[in-house]
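Two complexes, one shared chain (chain A), two partners (chain B, chain C).
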Partner chain A sequence: MIPMRRHSQYMRHAALVGVSAIMLLPFYWVLKTAVTNENIYAYPPRLLPESPHLFNFVDVWYFIPFPRYLLNSLVVSVLVVASNVVFNAMAAYALTKNFPGKRAMLLLFLSCMLIPFQATIIPAYLITSKLGLLNSYLGLAFPLLSTIVCIFVFKAAFEAVPQSLVDAARIDGLSEGRIILRVLMPLSTAAVATNVVLAFIWSWNAFLWPLIITREPTMQTLPLGLARFLSYMEDTTGALYAFAVMVLAPSIFVFLMAQKEFIRGLTSGATKG
Partner chain B sequence: MMQAAGQVSGERGAWWRKKRTRELVLVTCLLLPSLAIFFLYRVLPLGWNLLLSVQYWSPLKPPRWAGLDHYEEMLLYDDVFWQSLKNTLIFIGASPFAIALALGIALLVNSDLKGAAVYRSIVFLSYPLMTVAVGIIWRWMYDERGGIINFALREIGLVAKPIPFLQSFDWALPSVIVAEIWQVLGFYMIIILTGLQSIPQHLYEAASIDGAPRLAQFWRITLPMLRPSLFLCAVVGILNSFTSFDLIYVMTNGGPGHATELLITHIYKSGFGQTKFDYAAALTVVQFILLLALTYLANRAAGGNAGSLERQ
Partner chain C sequence: MPRWIMSRWVIVPLVIAGFALTWNGYVALNDGGRIEGRVVDASGRPVPDATVILLERHFVVHNERQRTRTDSEGRFRFAGNGNHSLQLEAETDSLGRSERRIVRLWFRAQNITLSEPLRFNAKLP
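Then we have the complex of A and B:
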């Protein structure tokens, strides 16, 4: 952009610091409450926690089946991430080839993208129940096992690989599967990362679907555990906020580690359609 | 006989040896897992949903034809439907303000400003978070005693006694919308930033040479060139009326009364609370049509084929 005067630079900084403060305030407030040991309802609330401690986190770990929720969430996330990388790469490779009906196929994918999953919950529940997958890890993961946005991320990455390289591999006698595995994937690590990050975030945060198809607490994932904890305890204890912090930490960590891949995934789905 | 069989297998071999056929089989196999998933969880449910909405459904008996009975019930007798439709429209109606705010932030961040990347990360940080946790955090922020919002308002002297934001008929919906905007603002900003970066610089240079003031450049260059991005933001805003289920469920569960009931929460409660799957399906059809209609309107407003799907 056109160079600005220093004065306007300061104005910009001031505005952005203000915005950032508002955006960060909820983080601070939940952290502060999570480490507060006194009555969290004391008025006026203290802006700084007095003698902060971590008992609340210990409570979460021992007094509710947190390890169980965590295990369930992890199993579902691993399932979703692994199958997304495999299935999306396969589909994307197919879409880089020319075949009759390719246009129709692309159009089908793009229109599927416009159907929000939430608009299909009733039949999706009936289908899952017919498949006998209610209350199972596979059932929890099923709708997320392949995602259209991520297929297009792979497709763009594969198309950027020089065709001569793929042809050379074919002449050397590599099978199609090996070409994906040995040639295309190593050259598309950014796309793999995008797939992993997006699939993880989506499955980790999913709430409505697990809410519908799990009946037993032993199959519930972290967001359900959190909501259940809220409905038992109301918001009377700092442990609830410690729970929230523990659940948020992994996604914040993943986001900060792979911010570029995450944003690229979202915007490529967004701008390329 | 033998010869005939040999001929057939020979033909079959030729058929298989044909490169195009082999390719087609390969493509089909590669696409199969993803297609199966999309068929089972996107295409089939959409059709079945439509069918369910014109049937009487019950868990044990085979479905019977219901015609438009569910729609009639919804439109004529279901007050909660109208309330949740109104709330959904208000919910979606708030997104232009959020998009304008995001545009402002994007313009501030999109420059050679030092530390712009840090601000960008901070604003975006709330987007990938688990919405259930976000709802719990905001619930707490709005709390009458422990919440910082009421505390701040009282300290400043704006209010004498705390406002029970989420328990009040007037405040509950706006409060939830604020939380929703907080979470999605960063995503709008990122979409707009991508749009800003695709505007050719020479347009601004030419305008500067012609002596166009900055404000005119904004109205005449930036905003028109951003149309596809703004359209996309609008679509995200419309879709959020579906995806905000998590937030509502945790923060108010549709209450007080039905003051924050959205169509999606009404669908959930009818379907899984009262096991009226057929009625919930009819509600879903209405919400889906609403979504398509609004998307179409947004597309028209953005000047026709913005965000064109044809573009690859």
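Then we have the complex of A and C:
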């Protein structure tokens, strides 16, 4: 019986390893192309890199101001993530309360989700301009400081917390802000993790808005840098893929470092009664 | 020892910071922009008084940056290089042009001595 169970376990693990390998293959291909100058359309494709080197990374570092782009992207992403967690939690807490016009407010939020960002980009630009935030970090982060999808993520998580806990905290003398911070947020780690991941990905990948509001190359972010790099280095696939690896590396690194917390946060919400 | 010191959130950034500091120290000690090498003919004899051209990569093209001449032992030396992607070529009236050598550096202005000499396809008379 035991060998039978062990055998099925081996099979399961072998299947998982196979699926993982298939899923990681595109990443491997990007990495392999980054350390060679191989044509990605070459046939038959080579699985192993031939005479790998790291000079494509050196090219990326020096041909464009990569450290500056990285810093800009990091600053904007930190601003977006922090403000999303704070503002969305506050908005979501308000939406869990009953107040006149709540239904209209929810409908307004939901209908706003239907409007694509491209349709509102001119008013967004004009507002940012009037506020004097063009070509600034705050301006770059401005449209993503709070996102409706993430407000609803928080709202759903807050509504799952028993009202008696909130009432008990209020009887103990906690202010509304402290109720969010001390009671609701610790019980909504899955929502916090979702907010952090989504806000980070959206701001890290944003292209159109930074393209419109930046005036100087020193304020550009990594996606704009990638477009600029493409226009300069049209013949070097290796350098382009090296750029992609360097853009991906920080987020993968942060994810691997925080993997345990992310998984715990995402699964605790799913298994709680 | 406090437990937080052994956290991966402390150890990994410290290791990265240590690596970055070491690398920057190495760069600071080796960024004189010096390029040295030799020029030989097809039989391996040094070629004196050959013109050596240093070309610098500028995105997709290579532009000539400096020229120098080899000494009686076929040695040459460039100073003040500020690029990381180069090409070197030698030429004389009698031997024509040598192969063009691609030189990739790990950082701008890295001091380097070519391990293999620039070689002409023809022999000296």
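Definition applied: the second predicted complex is superposed on the first by the 203 of 273 C-alpha atoms of A that agree within 3 Å, B and C clash if a C-alpha of one lies under 4 Å from a C-alpha of the other, contacts with A are read in each partner's own complex, and residues count from 1 in each chain.
What we mean here is this: contacts are C-beta pairs under 8 Å (C-beta built on N, C-alpha and C of every residue); 3 or more make two chains touch, one makes a residue touch a chain.
It should be emphasised that the depicted structure is a prediction, and the values quoted were computed from it without experimental measurement.
Once chain A of one complex is fitted onto chain A of the other, the partner contacts of A:Y232 are limited to chain C, with no touch recorded for chain B.
Of the two partner chains placed by superposition, only chain C is touched by A:M257; chain B is not.
When the shared chain is aligned, no partner comes close enough to touch A:Y69: not chain B, not chain C. Judged by the touch definition given at the top, the superposed model places A:F154 against neither chain B nor chain C. Measured by the number of chain A residues touched, the leading partner among chain B and chain C is B.
Contacts of A:M90 after superposition on the shared chain: chain B is touched, whereas chain C is not. Using the contact criterion defined above for the overlaid structures, shared-chain residue A:D59 touches chain C, although it does not reach chain B. In the superposition on chain A, chain A positions 235 are in contact with chain B in one complex as well as with chain C in the other. Across the interface of their complex, chain B is touched by residues 1-4, 9, 12-13, 15-16, 19-20, 23-27, 29-30, 33, 40-45, 83, 86-88, 90-91, 93-95, 97, 99-100, 105-112, 114-127, 142-143, 145-146, 148, 151, 176, 201, 204-205, 207-208, 211-212, 222-223, 226-227, 230, 235, 240-241, 244, 247-248, 251-252, 254-256, 259, 262-263, 266-267, 270-273 of chain A. Here chain A touches chain C in the complex through residues 53, 55, 58-59, 62-63, 232-235, 257, going by the rule given at the top.
Those residues of chain B that touch chain A in the shared complex are 23-24, 26-27, 30-31, 33-35, 37-38, 40-46, 48-49, 52, 105, 108-113, 115, 119, 121-126, 128-134, 136-141, 143, 145-148, 151, 155, 182, 185-187, 190-191, 194-195, 198, 204, 208, 228-229, 232, 239, 242-243, 245-246, 249-250, 264, 267-268, 271-272, 277, 280-281, 284, 287-288, 291, 295, 307-309, 311-312. Only residues 8-9, 12, 59-60, 84-85, 104-108 of chain C touch chain A when the two sit together in their complex.
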